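Shared between the two complexes below is chain A, which has chain B as its partner in the first and chain C in the second.
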Partner chain A sequence: MVKKIKQADIGKLLERWAKDYRIFVPSRDGEITRFDRWDGKDTGFLSIYRNTVVPAKSVFFPVKEEMFSYKKDSTGYQLKVPGPSMSKKLLFGIRPCDASALAMLDVAFKEGYEDPYYLEKRRDTVLVGMTCLRPYDSCFCTSLGGGPGESKNVDIMMTQVGDEYILEGITQKGEELLAGVEYFTDASEADISRLRSVKEGALKQITRKVNVKDITQRIYDVIENKEFWETSAIKCVSCGVCTFFCPTCYCFDISDEKEKGTGIRKRAWDSCQFPVYTKMPAENPREEKWRRVRQKVAHKYAYFPTLYGGTISCTGCGRCIRLCPVSWDITAVINSVPEKVTTESK
Partner chain B sequence: MTTSSISERKKFFSQNNVYLPHVCVIEKVIDETPTVRTFHFKFKDERLQKEFTFESGQFGEYTVFGVGEATFCISSSPTRPDHLEVALQRVGKVTNAFHRLGVGAEIGFRGPYGNSFPIDSLKGKNLVFVGGGIGLAPLRSLIWNVIDNRDKYGKIDIVYGARSPADLCFKYDLEAWSKDNTVNMVTTIDRPAEGWNGRVGLVPAVLEQVAPSPDNAVAIVCGPPIMIRFTFPALAKLGFTPEQMITTLEKRMKCGIGKCGRCNIGPLFVCKDGPVFRYDQIKNFMPQEY
Partner chain C sequence: MDKILQDNLRKEVKALFEQKKVDLVIGYETGPTKFTTTPVLIKNSEEADRLVINDFITSNLAKMLVKIKGKAGIVAKGCDSRSIVSLIQDHKVKRENIVIIGVPCSGIIDVGKISRLIGKEPDEIDDITREKDAVLVTSGSEKKSLPLKEVLYEHCLACDLSTPAECDVLIGEPASPPLDKVASLAKINEMEKMTAEQRWQYWKEQMQRCTRCYACRNVCPVCYCERCFVEESEPQWINIAPNWQDNLIFQVIRSIHVAGRCTDCGNCERACPVGIPLRSLVRKMYDIVDEMFHYKAGTNKDDLPLMASYETREAEELIR
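Here is the complex of A and B:
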C-alpha cells in the first residue's frame, strides 16, 4: 500500500495516531536533536531534515533510568520497581540506520537473560521510517547493507517528495495504520516514479565506503598486532563521544543513588573508551588506549558478528565520525585492516 | 563447562526481573585477614533458601543497600546448603561498606551466574588445587565439594600461598585439610616471617617443588593474575597440558549476565562463558587481557 499526504496534514495524521500510540518525533534542544514525546500540536520537527544527534535507541534505552528503589522499614528492606511505561509507541521519522540498530539491540537485550527494562519499552512499537534526503558526508550506510531509503526494519517508510510525503506500508501493522485515514490519498504511478527518483538521488549522495569483505576474519588476523591498533588510536582522546552517540552501543553502568530514607538503583550509558570501565583494584586489562580502541572497533566488526550470526554491529550512521572532536574515522581504520592473508596458493 | 539452565532459573529466582536482588540476612562474620572477611548469609525468604541451588565456581552480585552492587564468587560448597558464604577483601566503596555490616544486617544477592567447575569431568581424577591469597575462595567451594564426596575423586594436592602468615585466608580450612590424611596440604608464604615454620616461597616455585604428577590429573588454579600467569608455565614444566589446567578469571562486572559489556576477552564474556575456563580456551587469545 502506497499513500501520500500533504505536509500540512501531518499534524492531523499524528493526532489520529496519538489516540492509540504515544508519539515520538525528532525534537531540538539547543544544538542537540533527539527523539522526544510529540507535543500534540507542532509539526516544526519536520524541518529537522537530518538524522538526530542522539540515536533513537534513547527512547528504549534511556541515557539514565531507574531500575528499582529500596526503602528500609521495620521489617527490613523493601524493593520497588517503577511501573511499566505506556507500552504502545510510534516513532515518527526514524532513520533506516537507527532502525537497523534497534534490530541489533533487540537481539542483544533478549539473548540469555532478558533485559526487562529495554524489552518492556520496546514492546508494541511502530517504526515509521524517514528517507534521508540529505545524508551527511560522514554517512556510510550503503557499505553495511543499508541505504537512505532502506525500509527493511520499519513498519512504514516515509519519503518527502516536494510538499508531500509518500508513505509505503512495509509490515502488516504498517498497512493497517495506513488504511482508513482520510488525510491520505492513494499514490499515483507518477508519484511512485517521483519517489523512486528521489530515493535514487539520496542513494547517490552516500559516497563514503568501508571495505567489509571478510572484515571479521581480517580483524582477528590483526587482533594481537599492537602496532596496528596503536596507529589506529593515535589521535583518540578517549572522550567516549563515539560510543555515547553510537546507535548500536548498549553497554551501561549500574550505580546507587541515596536519597533521604531511600536508595535508587540506576543504570546509565557507559563507554568502553574510559579506563575506569574495566578497572579492577589490582589491575586494569584495558589501561592502555589502544586496547580500548581495539575493543570498540573489534566489538562491532568481529565480536558481535561472532556472537550474533555474522551481523556487523555498525550501521554506518557516521555519528562517531562527525561528532569526534579529533576527526577519528572508523572507516579509515576498517579500510586499513590488511586484506585477508590467503594460505591457499591457487 | 557446565552451565545451569538459564530458562529454568530465570523465572523463579529473578522474579521476572533479573536485576532485582533478593534480600538476605548476614548470620556470621569471620575475620580472615586484616583486610578479608567472610560473611555467612541466608535468604530472608525461607522458600528461596530451600530452593536455591548453585554449583562450585559460580558467582553472584551482592548489594550493600545505600552503597551499590559488586561481584563475588560464592565461597561455600553446594554440598553444605544451610547457608551461603562470601569472602571479600576491603578494596573499594562496596567492599568497605560490606565490611561495616554485622550479624543481622541485610544485603541483596542475585545469582547464581556464570558457568562452574566441570565437576563431572573431575570425577576419578587426581586434583591439584593451586591458590593464592583470596583466590582460595572459589577453589574452597570446589575443595569442600570434592571432600564431601571423597570416594569419587583420586589424590588431592593443595598448594596455597599468601604474602605473610597474617594474609592466609580460611585458616580453619587449611587446618582441617592438613589434618585430613587423604589430602596433601602445602601452605607457603612469600617471604620469611617470625614465628613461621612452614614453607617459604612463591606459589609457582613451591608447586614445582611439590611436583604433583600430571598423570590422570587436573590442576585448578586461582589467585592474583600475576600468580596465575606464572603457574601455567610451572604446570607445563611438570607435564600438565593446557587441557589439564583450569582457572577462574576475575573481571570488573556490573550486570553479571552478558549485557553491560565490560568483562569480555574478545568474544568471550567472563560472566557467562566463564568465569571458569580451561587454559587451552584462553591461552592463544589476547593473553594480556586476563
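Here is the complex of A and C:
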C-alpha cells in the first residue's frame, strides 16, 4: 500500500495516531536532538532534522533507568519493580540506520538472556521510518547493507517528495495504520516514479565507503597484531562518546543508590573504552588503550557477526565520526585492516 | 592561517628528523570530514607532508605528551604551549624530552558558529576562506562574508598568549587573533546577571543532558590523574548513574581541580557531545585565579605550580 499526505496534514495524522500510541518524534533538547514525546502541536522537526544526536535506542535503553527500589519496614524489605508500560509507542521519523540498529539490539537483548527492561519498552512499538534526503558526509550506511531510503526494519517508510510525503506500508501493522485515515490519498504511478527518483538521488549522496569484504576474518587475522591496534588507537582519548552515541552499543553498569532503609538499583550506559570497565580486583585485562579500541572495533565487525549470523553491528550512521572530540574515524580503521590471509600466504 | 605556516612546519619537522632531534612529532592532519583536523603521530621525515596548519587545528595536543615515550616534537599554538608548560611545572613532562614547535596563532574558527550564522551544517558548506577581518563562506552559489570575531572560538577572543613563548622552533611571525574580551566573556557575564535561583535552574537544565561520557575530562591536558575521584568506590563521591546534581558536582570539582593549570584552551567545551557550556566554568575559575593570585597558568616553566606555592601577602588579601 502506498499513500501520500500533504505536509500540512502531518500534524493531524499524528493527532490521529496519538489516540492509540504515544508518539515520539525527533525533538530538541538544548543544543542537541533526541527522540522524545511529541508535544501534540509542532511538526517543525520535519524540516530541520537530519538525524538525532542521541540515537533512537535511548527510548528503549535510556542513559539511566531504575531496575527496582526497596524500602525497609517492620515486616522486612519491600521490593518495588517498575510496572509494564501500558501504552504502545510509535516512533515517527526514525532513520533507516537507527531502525536497523534497533533490530540488532532486539537480538542482543533477547538471545542468551532476556532483558525485561528493554523488551518491555520495545514491545508493541511501531516504527515509521523517514528517508534521508540530506545524509551527512560522515554517513556510510550503503557499505553495510543500508541506505537512505532502506525500509526493511520499519513498519512504514516515509519519503518527502516536494511538499508531500509518500508513505509505503512495509509490514502488516504498517498497512493497518495506513488504512482508514482520511488525510491520505492513494499514490499514483507518477508519485511512485517520483519517489523512486528521490530515493535514487539520496543514495548517490552517500560517498563514504568502508571495505567490509571478509571483514570478520580480516579482523581475526590481525587480532593479535598489537602494532596495528596501537596505530589505530593512538589519538583516542578513551572517552565514552563513540560508544554512548552508537545506536548499536548496549553496555550498561549497575549501581545501587542507598539511603537509610531505602535504595534504588539503577543501570546506566557504560563504555568498553573506559579503563575501569574491565577493572577487577587483581587485574585489568584491558588496561592498555589499544586493547579497548580493538574491543570496540572487533565487537562490531567480528564478535557480533560471529555470534549472530554474520550481522555487522555497525550501521554506518557516522555519529562516532561526527561526535568524536579528536575525529577518530572508524572507516579509516576498517579500511586499513589488511586483506584476508589466504591459505597459500599462510 | 596561511599555507606558509604549513610549509614552514613541514620543513622544520623534516629538519628535526634529519638532525635526529626527535623520535616522533605530534601534530595535525586533515580530518575525516570537512573543516576538521585530527591528531597525528609522525614517525619520520617522509610522513611530514601529512602535517597541516589551517584555521581548524582545534585539539590541544599537549594531552598526548604524557604517555609518549622517546623524544617528541609537538605542534603547539599559544594556549597549547601553556598547557605543556603547566605539565612541565607538574613534573608530568620533562622539558629536555620535548621539542616545542610553536604556531603563532591568529585564532581558530568555530565551524559550529558559521553553521548557526548561515543556517547550514558544516558538510553543506563548500568553502571557508579567511580574509583579514572576515571569513568568506561559500555554499553552492551563495557567498557570505562574516566578521572574523563572530566566527572564532570565544576563548580565542580573550587569548593571553597567541604566540608560544616557551618553544624551540617558531614557524612564523608572531600573530594574534582579534581580541574582544567583552564578547569572549559575554556568556559568563550573562550568568552573573542572573539571580542565584536562575543560575541554579540554568545549570540544572544544562547538567541534565550530561551522559557522563567524560570527553571533557579525557581531552583536558591537565586532567592526567591516574584515578579520577568520580571512579573511586570507597568512598563513592558521586553516583555512577548520571543525574544533574552529581553531574554538576563532577564539573565543579573538575573546575576547581584544574584551577591554576587551565589555560582556557577550549578543549572541554568543544569535546562535549551534548553542548554544555563548560568553558564558562573553567574560564571563570581562570579569571578568579588571575584576580586572587595574580597567576596565569603555564606562562613560566620555572614557577612553582599555583597550588604548590604560597606567599605571605596572600593571607592578607584572601583571609579576611
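Things worth noting here:
Simple rule for what comes next: the second predicted complex is superposed on the first by the 339 of 346 C-alpha atoms of A that agree within 3 Å, B and C clash if a C-alpha of one lies under 4 Å from a C-alpha of the other, contacts with A are read in each partner's own complex, and residues count from 1 in each chain.
We adopt the following convention: contacts are C-beta pairs under 8 Å (C-beta built on N, C-alpha and C of every residue); 3 or more make two chains touch, one makes a residue touch a chain.
Predicted model only: the values in this text are computed from it and were never measured.
If you put the two complexes together on chain A, you find that chain B and chain C both fit without a clash.
When the two complexes are overlaid on their common chain A, residue A:A179 makes contact with neither chain B nor chain C. In the superposition on chain A, A:A268 contacts chain C only, with no contact to chain B. In the superposition on chain A, contact of A:D253 is made with both chain B and chain C. By the touch criterion defined above, A:E31 lies against chain C but remains apart from chain B after alignment on the C-alpha atoms of chain A. Once the two complexes are laid over each other on the shared chain, residue contacts for A:F109 go to chain B alone; chain C is not touched.
Seen from the CA centre of chain A, the centres of chain B and chain C span an angle of about 90°, rounded to a multiple of 10. Looking at the shared chain after the overlay, A:K72 reaches chain B, while chain C stays out of its contact range.
In the overlay built on the shared chain, the residue A:D137 is in contact with chain C alone; chain B does not reach it. In the superposition on chain A, contact of A:P325 is made with chain C only, not with chain B. Touch criterion not met for A:A18: it reaches neither chain B nor chain C. Figure legend note: chain B and chain C, brought together by superposition on chain A, show a least Cα distance of 5 Å. Common to the chain B and chain C contact sets on chain A are residues 253, 255.
By the touch criterion given at the top, residues 6, 10, 14, 16-21, 23, 25, 44, 63, 65-69, 89, 91-92, 106, 108, 224-225, 250-252, 254-255, 257-267, 272, 285-286, 288-290 of chain B touch chain A in their complex. Remark: chain A residues 29-32, 50, 53, 63-64, 134, 136-138, 234-235, 237-241, 244-245, 253, 255, 257, 266-269, 271, 274, 276, 321-323, 325-329, 331-332 touch chain C in the complex.
Interface residues of chain A facing chain B in the complex, by the touch rule stated above, are 67-68, 70, 72, 76-77, 79, 81, 108-109, 111-117, 223-224, 250-256, 258, 263, 265, 270, 272, 277-283, 285-286, 291, 295, 298-299, 302-303, 306-307.
The touching residues of chain C, counted against chain A in their complex, run 31-34, 36-41, 59, 63-64, 121, 123-124, 205-206, 209, 211-215, 217-219, 231, 239-243, 267, 270-271, 273-276.
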